[in-house]
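Both of the next two complexes hold subunit A, though its partner changes from subunit B to subunit C.
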Partner chain A sequence: MRHLEITVGKATGEAEFISEVDSKVIDAICSVLPCEGTLIPAIWSGSLGALQLPPGLPLDELQASVCSLYPGTLAISPRTGELLLSYGAAETRTELGVEYVCRIATVTTGRGSLITECATMHDRGALGATIAIGN
Partner chain B sequence: MNTRISVQLGDVGATLTLFDELAPLAAHKLLGVLPIDAELRHVRWSGETGYFLLASLAEPGAQLENAVTFYPRGSLIYRPEHGEFAFTYGQAQARDNVKLADHACLLGALEENAEPFLELVRKTRTEGRQPLRLSGS
Partner chain C sequence: MKFLDIDLDGLVCRALLNEAKAPHTTEAVWKALPFGGRAVHAQISGDMFRLLDPVPVGDLELEGTELFQHPGSVVYYPPIREIAFCVWEAQFSGPHGSYQLTPLAEIEGDLGEWGRRGNDLIVSGARPIEFRRAQDQETPFRYPSDSGKRIELTIGEVTVQAALLEGGSPLAVASVVSRLPLEGRAVNSDWGGSMTRLLVEGRESGSGTSGALEQGTTFHWPGYVYLNEATGGISLCYGDASERFDGTPARLIPIARVQGDLSAYQDQARNQYINGAKEFTCRAL
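Up next is the complex of A and B:
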């Protein structure tokens, strides 16, 4: 079963796709990975980091059904094409109000260290991040 | 007459006018604890704003003077429930994890050298916290 390998700063972990995600969507996500970039802290949404994914995702096919993201949850914003990683209290919002996103995966390995590392963004600013398909 | 104080963020200095007449209690409280050394971090809920906390000025339930919900660019905002002070460089609103629209005290405005100061506030999002000092001018 495919899973995601996540690196944020010095922390690493793995995430499993949730069962509600359509296999075609998983295929599309996997087709744009690996992705290396910068995890930028949210300014409206609480303890949430955003990593811009490469173009190519069928964003209009994503089911944007959640806005509250528990720590260790991965989601994709259909509006921005960003991968979102929550590390504390988080609700996806913009300057206009609540915005719904598509939940895709849950961190299953290395959750504590990833959350701790992400939380340092409050002091350190944005962090380097990589997301890839696991073996 | 409004009081002017000096603010230093990282290596950028600016002057700030406190709205003594519109927010006399809050201005008096802030002036009473100067000079202040703190760290400015970027907010997570309220938009394009950097904040610092002064636990000694946290007063849940305190009277809210000169109340606003949207923060004007270049303003100093005070949220007494948290002892939180914020400098706004863009679009921002009093929010937290529970409330999408709250209110805060519009306490002052940057004057001299505001733009370089606000640019450094903006950078705290990607570059992290900055040392901050407020003192009498």
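Up next is the complex of A and C:
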């Protein structure tokens, strides 16, 4: 089964796709990975990091739509094309209010170290991050 | 720099056009001057009034969009060619919520009687308002000034002075002053937008209390230093902001206001959430 391999700063982990997301969407996500970039704090959404995915992600509808993200949840914003990773109390928002996103995966391995590493962003600033398809 | 005189029923204030954020809108308005009409209260936006008659400019796009206003904000809403004025706690709104706007201009100084007359439009009804090129284009923009005791706040490379608002928030001011001097790390809020939180040893600098101090407000304005009674935290607002904690709107008590130009700090703070925390010190003068 396909899964995601995540590296944020010095921490690594794995995430499994949730069952509510259909295989076409997973195919689409996998088509733009691996992605290496910078995880930045989302200043309106609480403990949430955002990583810009490469263009071309054909996500024009919300699946498994949520706005509250438990720690260790991965989601994608159809509006911005960002991959979102929550590491504490988080609710996807902009200055205009709540914004719904697509929940896609849950961190299953390395959750504690990823959350701890992400939380250092508020002091250290943005962190290098990589998302890839695992074997 | 281009200044307007805005004459509200015989009371005149001067406002600086926001050419940096809204170059096309300010140019169109400048060319259309003088114009006028009737001023009426905004009614569903809080302490705000507006020009009832459409502004005589062509079709314009939103520019430099902002969602929040503060006293002295003059905003433009292109779809209905409307100018509105924030005179106290306000957010430009329609039946479906608040709207993004073009930040057209900033009224100098404290609004005083001009602002009170604007807010009284809800009682007085429509009054005449005129916009014209200001007679005085030379005097620099006059920032609001306060007479209270000063504190000095250094964050990263920038130092500002702020006047304590002892008249409005005496209990909260006393609570903060008793903790000075403070030093620690300044981080961007993770919920509030353009809001800097001042942390000491990684935590809020004081202990939270409940109901012992002033009530506070959910309207957070650039240049104000705030105390969050619930957490004991101190914050500096530097732009569009609405502080929250775990998603819940936070009532903050204004304890000081920066005197003069905040732009040097704004330039530093805008990228702080990416660049990381800055050292800060806060002391009484």
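Going forward, the second predicted complex is superposed on the first by the 132 of 135 C-alpha atoms of A that agree within 3 Å, B and C clash if a C-alpha of one lies under 4 Å from a C-alpha of the other, contacts with A are read in each partner's own complex, and residues count from 1 in each chain.
Methods note: contacts are C-beta pairs under 8 Å (C-beta built on N, C-alpha and C of every residue); 3 or more make two chains touch, one makes a residue touch a chain.
Given the structure is predicted, the values throughout are model-derived calculations rather than measurements.
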{"item": "Touching partner for A:Ile40 - first (subunit B), second (subunit C), both, neither", "value": "both"}
{"item": "Overlap of subunit C and subunit B interfaces on subunit A (superposed complexes)", "value": "38, 40-48, 89, 91, 93, 95, 97, 121-126"}
{"item": "Subunit A contact footprint on subunit B (complex, rising order)", "value": "41-49, 91, 93, 95, 97, 100, 123-129"}
{"item": "Sites on subunit A touched by subunit B in the complex", "value": "38, 40-48, 89, 91, 93, 95, 97-98, 121-126"}
{"item": "Residue numbers on subunit C that touch subunit A, as the complex places them", "value": "67-68, 97-98, 100, 185, 187-194, 202, 240, 242, 244, 246-247, 272-277"}
{"item": "Residue ranges of subunit A touching subunit C (in the complex, touch as defined)", "value": "38, 40-48, 68, 89, 91, 93, 95-97, 121-126"}
